[in-house]
Structure formats: C-alpha cells, structure tokens
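In the two complexes that follow, chain A is the common piece, with chain B as its partner first and chain C second.
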Partner chain A sequence: MSVETRQSLPTFRMPAGFNGLLPALVLIVLFFVVPVLALLLRSVTEPEPGLQNYATLLGDGTYARVFFNTFLVASVVTIVTVLVAFPVAWMLAIMPSALASIVFGIIILSMWTNLLTRTYAWMVLLQRTGVINRTLMAIGVIDQPLPLINNLTGVTIGMVYIMLPFMILPLVGTLRAIDPMTLRAAALCGASPFQAFHRILLPLSLPGIAAGGLMVFVMSLGYFVTPALLGGTSNMMLAEMIAQMIQSLLNWGLGSAAAFILLVVTMALYALQLRLVGARRMSGGA
Partner chain B sequence: MTQPFLSIRNLRKAFGAITAVHDVTLDIPKGEFLTFLGPSGSGKSTTLYAIAGFQDPSSGNVELEGKSLLAVPSHKRNIGMVFQRYTLFPHLTVAENVAFPLRVRRRPEAEVKKKVADMLALVRLESFAQRLPGALSGGQQQRVALARALAYDPPILLMDEPLSALDKKLREEIQGEIRRIHRETGVTILYVTHDQEEALHLSDRIALFKDGRIEQTGSGEDLYLRPATDFVAGFIGNSNFLAAEHLDTKDGTATIRLADGSVVSGVRANGAFGKGQKTRLMIRPEAFGMERSPTSAELNVDIVDVAFYGERRRIVAQTATGQEIDIRPTSTAMQSHDSTQCRQVYFDPAAAFLFPA
Partner chain C sequence: MKLIITGVLARLLATTLLATTLLATTAAKAEDMVFTSWGGTTQEAQTKSWAEPFTAASGIKVMQDGPTDYGKLKAMVDAGSVNWDVVDVEMDFAIKAAKDGLLEPIDFTAVPKADLDPRFTTDHAVGSFYYSFVLAWNKGAVSGNPAGWADMFDTKKFPGKRTFYKWSAPGVIEIALLADGVPADKLYPLDLDRAFKKLDTIKSDIVWWGGGAESQQLIASGEATFGQLWNGRVFALEKDGADVGVSWNQNLTAADVLVVPKGAKNKDAAMKFLAAASSPAGQAKFAEASGYAPINTKAKAEMPADVVKALPDAHVDGQINLDMNYWAEHRDEIATRWYAWQAK
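Now for the complex of A and B:
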C-alpha cells in the first residue's frame, strides 16, 4: 500500500468491526468489572470508610491462620495433582489414539458429573465406617479406622480428584508435542531412564505443568464445596470464611475485603506465571 | 576381512505375523562405512534399530568385538546415532546438546568444554554454539546431531536416513561433510538409506535389502557392474530387461536368442539355465552405443524420442516386439539429426547379464 492512500485516511478511526464488539464489551463491564469495583468499594466503605477491614484481616492471627491454611491446601493439592496427573498424561500421550480417546472420554465424563455427588461419594468412601476403612480393617492392614475425613487428608483427596482433569488436559497437549524420538536419542546418548526424564522430558513438559498447576492452584484457593464437606473445622479455607462472614455474620465489608485479597493474589500469581512461561517460551525457541 | 568388529548373526525380527527381518548375517570391519540400502519395508531400519537396542530381535545376535549387545540397554551401548527426524533437545543450546552425552557420563567440566569445541569445529558450527536448535536450518540441525552423536567417541555411528528431510542441494553438501568426518575420525558407520545415489556416493560397502533379507553385499561398483540378481540390477542404476531364450552356457557366458530372433553370444550368465529356458537379459542404458565395434552385438530399434541431457542423450526406442527401452549414449556419440528413424544400436555382450525370467 502506498503512503498517499494511508495519508488520505482520517487521522483516527475505530478499529474495523468495533461496533459489533460493543454488546460483548457492555456485557463484560456490566457483569464483571462493575461487580469487582462494587466489591472493592464495599470493602473500604462498610461499616465505615477506611482500610480497617484489611487491617483486621491481615493483622488478626485467626484470619492469618485461614489464609495460611488456604495456601497450604492449595499448594498440597497442586503438588499431589501434578504427581498423579503426570504419569496419566504421559500414558495418554503415548497411547494409541483410539484408546486414548476412550480414556479421555472417561475423564471428561467425571468432570460432567455433579460436583456435590462426587464429593458425597468421597464422604461415603472416606468416613470412619466408610468403604476404605472397613476394607483395610477386614483384610487386617489396620486395627483402628484411619482419620481420612474432616482433615487435610480428606480435603486433599477430594480436591485432587476434582482437579485432575484440569492438570491432565494441558499436560497431555504439551507431552504430545514432544517427539518420542527425542527420548530415544537421549537414551543412545547414554542417559539412563531417570536422566532422560529429569534432563529432557521434565524440562520440556514444564509449560504444561505450569499452565495446569496455576489453574489448579487458583481454583483450589477459592474452592468451597469440597473443603466444606471433607475438611475439618480446624482447617477452614478462605471461601468458607467468606461464606461465614456474609451468611452468618452479615459482615459484608470484611467478606468483601477477604474476597478482594483472594482476587489480587490470584491475579499476581497469574501475572507471575505469564512472565515465567512467556520468558521460557522465548528462550525455549519452540 | 580381519576379525569382525561388529557382527550381525542370523538376525530375525517378527512383529506378530509379519516378519520384517528374515535372516541377516553381516560382518563389519572396524572403520568401514557400510550402507543398508533398500526400498521402504525391506528391513534395513529394523536391523539398525536392533543394533541401537530399540527393538529386541526375535532371534539371532548382534556382537561388538565378540561380545553380545543384546542384553545391554540402549543407554549403555555407547553407540552414536543420527536420526531421520530432528531429535535435538529443543530446550538446550547447540553447545549443551553436544555436551549432553558427556554430562550424563559425568565427565569433568574442562573436558566437556574442550570436546564440545572440537566437535563443533568438526561440523563447522562453532559460531552457533549458543543458539537454540529451533533457530537452525534443517541441515545445521543434522550437523549438530552428528556432533552430539560423535562427542563421546562411540565405536559405531548409526545413521537412519539422516538426509531424507533435506532438499537435494543441502543433501549433497552434507554428504560431503559426512565423508570428510568419516575420513577424519575413522568411526565405523552404519548408514540406512533408500536413495541409491547416496549409497553409491558415501559407502565403502553396500548391503542391499529386499523383503527382510540381504540380496547382495559389496562395493557400489560390485552392485552396479556385477549385480547378483535382477532385483539388484533393477534397484541400482537404470536397466533394460529384454525377454530372451537361453540356448547354451559355456564358462559363465551364455548364448541367447532375443524376441526378435537375433542370436547373441557372450552375455554373462547369473545362474545355471537349461536349454530353451525363458530368461531376461539386462542391459544398462549407457551400455548401448551408436557405433559398431568388433565385439558388439546389435539390436534393431525404432527411435521414438531423443532428449538432450548435457553429457548424455536420453533416447526412448522401441524394439521389434514393441518394448520400449532406455538408451543413454554420450552426447558426442550421436548427432541430433540421427533422430526418429529405424536403425541399429549396439551393446557389448560382456556388459549384459542374463537372469531367470
């Protein structure tokens, strides 16, 4: 295109098709931006203007414990999910594609099953007189029922189960992009199976682990149903606390502040991941 | 041949009902450049993979200096390999890729540095040391793969169609590099290709595979000038096959009658034939001449088309029975105004081979 034609255009124009985007933009502003701003506003105006809600949340030991707990559960869930998902994803990546689609179907089907149903199912399995404890006692592995529910163990088991698909799906994508010949080459270069894993396969699958891991971590931070049903009173998570503040105590200001802190932390983590993975991609070439 | 360095003994590999390699036995002396040549599915790659340890043979053995390799896992075989696809580690720089085999062997840092520099110099990619594989061309990537495969001084280098993904010009350039590296390092190379020109250009010896068996092993010259079977004759170079009736054989030279009734004596017989047996006479396109000589046999043809190819002309001609044959005399042997007419072409019977029909 010549310079003259470009100069003949008006100095400023809306990008082409902008008018078509307008409804979507209105929708986003109305239902996403406005509520978040309202949340922020509430947290600094109720019961009176000021930052006292944030001071209470960040200064009080009880609330600090809830924050700590939330991060602990989310971290443990993320780590366990990665450890369980990796072998499954690898299997799916190298499996014949017909078989892999069947396994994928099973995984997706579990995602579509009602969350509450699945969590109650875990309650049946994990409780003192549940299937797992009874079986283990019947075959003589244990004398006393194991404390599998109303504690960190219960929450971890229940949440890892729910989070697995969110880890497996991005990881399979990353692993499928790795040429299996690369691993054969590593073997012929003298790398033992362990060396090939930690020097080649693991670094190459990091983008998938990071993407899935962040998704799982962020979802875990705000999770409500599973911790409420499978967790104990001593390790309450942030979502439970917010629900309590708003439903039982009607303290909208404190609840909003807690929710806003969660949002900020989540966004900070997302930004960090974008930076790390983005930088990696650029230096990784592929 | 001295005591075999690498020895393949009665190798057989079956995948379910399909047998990829039937019975391959081959001795390879140290320092040789041996090529497995053959069409796809002829068992050449399977044989190579058995040496690399990627596939366990159904039976038979692979021995290096008298010791069987079969029980040794791939990563302990100490064999170098360059693959058909690019298999550089995409997250490591060129230098780190070449250093990889040394690092997993926990060699001291100073030695790794020196070896990486030597190897990159060998493949002439010194200035690319800090690049990532994704930033290199296909040819450069395969040269890095070559440097990585040679970094730990393996006694054997396996190459599985390493140039098949490259264009023709680059292929020829890297063929030259491979020859030079073979000369400079003296490493024993087993090279797999389906490209006969590549095999002829690179190898000391060629093992020609067909249907899981070795059809013939020998130098490129042996295979071209002294093909053991009609398959070898057809696969290496171009060839014309004329139907012929065998009349008599004496001292390895046969007398035959061609389909047009002419009798030719002095052709090379590959095998024993009975009187009157149907046979096929193989003549290379360039073995035909346009001038009579005292020993030559003649063939009546109709010239259908003449094309000029620089050093040679390519003539499509038709025999009296209507079979099209390919004739490639040197350009100076025939003037262009000779074209499109009925005439005789001549061939030396000693350069014609008789095979069973």
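Now for the complex of A and C:
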C-alpha cells in the first residue's frame, strides 16, 4: 500500500498523460488513501473526539510492553536472519551459476508454499512432543523436552524461516557486484581471511545487509500469523493486539490508533530504506 | 478536495465497508438465508441437524458462513449491509450486543418459547446449545486422576503443561477462584485480583488454546497433560478412541445462543430457522451429534439413553452456572485486565 501511494506522488505532478492515469489514481485514492484516512479519523473520534486513544496506548504499561515486544521480536528476527542469510548468499554468489539457480529455485519454492502451512509445520516440529524434541530425547541429548514453542524461540525460528528469502535475494545481488579481485588483493597484501571478511567483504556488502535487514524488520513489525501460533501470550505483538481490539473487544477507536501508530513507524522505516537503497544505487553506479 | 474530505469521510468508510463485505460474502437471494457459526465439528453438526432438515421442510436454502467474528458482525450492522441472518455467538456477547443495539428482537410468535430453557433465552437470543467446561486429561501423560480444578494449580502433584481457554470469557477466572477456595455461591462479583494472583502461580506452565480443535490436539498429543475443555470436544475425543480421562467435578456451564443481527435481510426466514433449530427434534439431533446439551426441555425425550448420560445434564451435582449477565456487564473491563495480564 505504501509503495503505491509513494509512487503516485511524482506522477501526480506530471501534467502530460495525467488523464490516462486518472483511473489508477481514483483506485488508489478510493481503496488506499480513503481507508487510511478513515482509520485515522476513527482513532481520534471513537468513542469520543480527542486524542485519548493515543494517550491510552502510549501511557499504559501493557501497551508499552506490547510495543516493546514488537520491536524486540522484529530486531531479533532481523539479526538472526542476517546471520543465517549471509553465508547462504555468499555461497550463492560464488557458486557456478547452474547450481546457484537450483538453490535459488529451492529458496523461491519455499516462498510459494502457503504461510499457514509452513507455520503449522513448525508447530509439529517444535512442540514438546514434536519431532525435534523426540529425536533429541531418543538419542539421549536431553532428558526434558526443550521449550521451543509458545515463546520467543518459536517465534524467531518460524519468522526467520519465512523472512530468509527477503534477506538472501538482495544480499546476493550486492555480493555478486563485489569485484572478487578485491579479496585477492587483500590476501596478497597479507590480510588473514578474517581480516579480508571484516575489512573488505563486510563493508562492501553493508548496503545489501541494510536494505534486506530493513525490509525484514518492517515486515516483521506487522506480522500476525506466525507470532500468534508459535509465540506465547507474553510475546504478544502489535498485530495480534490490534486483532484483539477489533474482533474481541470491539474497541475500534483504540485498535485504529494502534494500527495508525504501526503504519507511521513502518512508513518512517520505509522512507529510511528508500534513502539507503538510493545511496547504494549511487555508489554502485560510480 | 481537502475541504470535503472530513465531511464525506464517515460516509466513504461506510461505503468501503459495504463494498468489502459485499465482495467478501456472496449475497443471499431473497428467499435464502445465511447461517454463521464457529466451523469445525460444531458447525457440521448444526448443518446436519438444523439446516438440512430445515431446507427439506421449508424450501429455504441455508448458506453456511464462518467463523463467527464479532468485529465483522458490528461492521455489517454499522455499515447497514448485513449478510448474516442467524449467528451463533457466546451468550455474554449476545447480552452485551443487544444492549449496544446490534441485534434484532426475537419474534416469539414465530419461535415457540414455552419449552425453551429460560436460562438461555432472552428477548434478543434463543439458546443454541449449552456446554460445560470440564477437566480433561491424557491418561498416558498423567499419573493418577486429577480430581478437580485445584489440581490444575498443583504443579508438584501434577507436573507438566496445562491448557486453558485463551480468550477473555467466562471460565478461567472462575476456575482460579474455585481452586483458591472460593465457595461456588460466592464467585460473583469476581475477585479479579485474587484470580490473577492464583493464575500467576502456574503462569509459566500454561499453554493456551484458542479454538476447540487446538484443545483436542494439545490433550491428545500429550503436549498438555491436562486442561479445561468444552465437554463436546472431550466427547469427540472419546468417540475417536483417544485415551482421555474427564472430571465433571464443579463443571461450569455456559451457553452459545443464536442471534439475528440488526438489519438482517432475511429476518422472516431467520425466525423460521430459529424455530426449527430450537425445536425438540432439532435440539435432540444436534445434541446427539455434538455431545452438547439441548436448550429445549422436551429434547431429551427424543434422544437415546446413552447420549443423555454423556450430557452436562447428567452432571448437575456440583455443577456451576457461569453468570452470563455479570460477564455481559463487565466484559470490557475484565477483557482489558485479562489481556494485560496475559501480555505480562
């Protein structure tokens, strides 16, 4: 949604061809802009006019905790995703292209599988009586089942799995653009493999990490299904709280305010991402 | 454009809601109607016991939709585009919704009232079925037999995870108070501080279930060793041959009711449907299929003896009726505290 509204701005100023764009603009205004404004309006008019919904959300310890949880989960997921994605992306970048396209295919295929199905699969794997715990107990590694589900661990595993392609794909692009000669030059100058990674590869791949990381972070902020199924109630995230306010408490004013805050934060991060990607394009073009 | 935005916004919102609800649900033809319930084995039983015989007798087609979503119900009524004609809801919600003007009054000239259990009949709702929360356990995972709610709070005697209903609804608060020694007749008004303090003692051992199928899966797999379940779900587990034990000690009754949302398009058909669903035959058939209790006092005469024996009616000794009126009154207040406590 944010993509469309953003892109519509520059075209709006273009007088030529404006008439042709009118249907698209009407569609965007009617189905994206109006509902968002309605959401904003509801958040300051229900149950009575004023900013009390925002005051409640920002002043109450419970909601503060949910906001904190949301950012905590999104941060943990982003960090773990980067750590897992980097070696995979590096492997893809230096692999023979025939093999790389097979691995790409496998990664893309996982994205095409239904989200709910994948999350339920993790439930089966992670629960106390699940495959992982049973196997570990059978081979004597543990005596008691590990708590892998209904907590932060479960949410992180489930969400990292879902987010990985969104990190790997931009990272591969960045890594492929790095001239391999720079690494050889580093080795020739006496740099250890770690130094070469730390001082050459990592700084050069930073734009890709930043772009992918922000995308993962922003997507994680609004995630609903995976935290709801794999997390515990004490890791409740904003999206689940909004669903509760709308469906179960019927407190639409408060729910709208929470949704609007989430939207503003997401937009701000998205703007940041655009700047970073823009910066990367510039440096890549030079 | 800026000037007119605020003025037309409310109307536009209504239009968008209308448009989306129209897109989301196929509009029913004038003589047809839409029945909405919670899905799963319960709605299957309702379809077979109520909708199919009703269509055969009256020629009115009943389309099934679901699951019940209170937010959606309110959205439909607010937007003036109601696609649901009869909805299965929890009784405390029905009382609250009637007060908020979301429901049509029941036309008791079309729905015979005489034999309906007065506990579950209001001006705006007819009972759907009633059920008990019972204590159920996986026999393979629990050593010994849990005897009552207090055992769910005894982690020494009964280690392992225990499962409770996740949403703010009548049940868990009462269980905590009963386990803490509050006499059944002194439950209301609910002492929330005491209940949450009691729940705190086992919080890290609780696995929440959000729907009936989940509760069955948790107990059957042993993921949770025991828990608070709807008796119909335990009944279904037993029918499937799962090795479960059940204690009816201090079983807690609550009810689902059938309501007609304000502005429903097929009100007449809806009232006829309510008459059929709450009739002795409709109630008997549904109880037989689901293990939930009929809300028509004449229904039991039409049911096999072994089914009657498995109903909450057979366990009235020590049975406690959850106070739906109290819950309707304090729904928001309890819910706010409930979710805040859960998120802690």
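Everything below uses one rule, namely that the second predicted complex is superposed on the first by the 258 of 286 C-alpha atoms of A that agree within 3 Å, B and C clash if a C-alpha of one lies under 4 Å from a C-alpha of the other, contacts with A are read in each partner's own complex, and residues count from 1 in each chain.
The definition used in the following text is that contacts are C-beta pairs under 8 Å (C-beta built on N, C-alpha and C of every residue); 3 or more make two chains touch, one makes a residue touch a chain.
Computed from a predicted model, the values in this text were never measured in an experiment.
By the touch criterion stated above, A:P87 is placed in contact with neither chain B nor chain C.
In the superposition on chain A, A:G140 makes contact with neither chain B nor chain C. When both complexes are overlaid on chain A, the residue A:L204 reaches chain B alone and has no touch with chain C. In the superposition on chain A, contact of A:Q244 is made with chain C only, not with chain B.
Using the contact criterion defined above for the overlaid structures, shared-chain residue A:V66 touches chain C, although it does not reach chain B. Of the two partner chains placed by the overlay, only chain B lies in contact with A:A186; chain C stays clear of it. Contacts of A:Q195 after superposition: chain B is touched, whereas chain C is not reached.
With both structures placed on the common chain, the touch criterion links A:V34 to chain C but leaves chain B unconnected. Set side by side, chain B and chain C differ in how many residues of chain A they touch, and the one touching more is C. Across the complex, chain A is touched by residues 52-54, 73-81, 83, 85, 87-91, 100-101, 103-105, 132-135, 145, 148-149, 152 of chain B. Those residues of chain A lying in contact with chain C across their complex are 30-31, 34-35, 37-38, 41-42, 60, 62, 65-66, 69, 127-129, 150, 232-234, 236, 241, 244, 246-252.
The touching residues of chain A, counted against chain B in their complex, run 179, 181-182, 184-193, 195-196, 199-200, 203-204, 283-286. Remark: chain C residues 5-6, 9-10, 12-13, 16, 69-72, 74, 161, 166-168, 207-208, 221-223, 332, 335-336, 339-340, 342-344 touch chain A in the complex.
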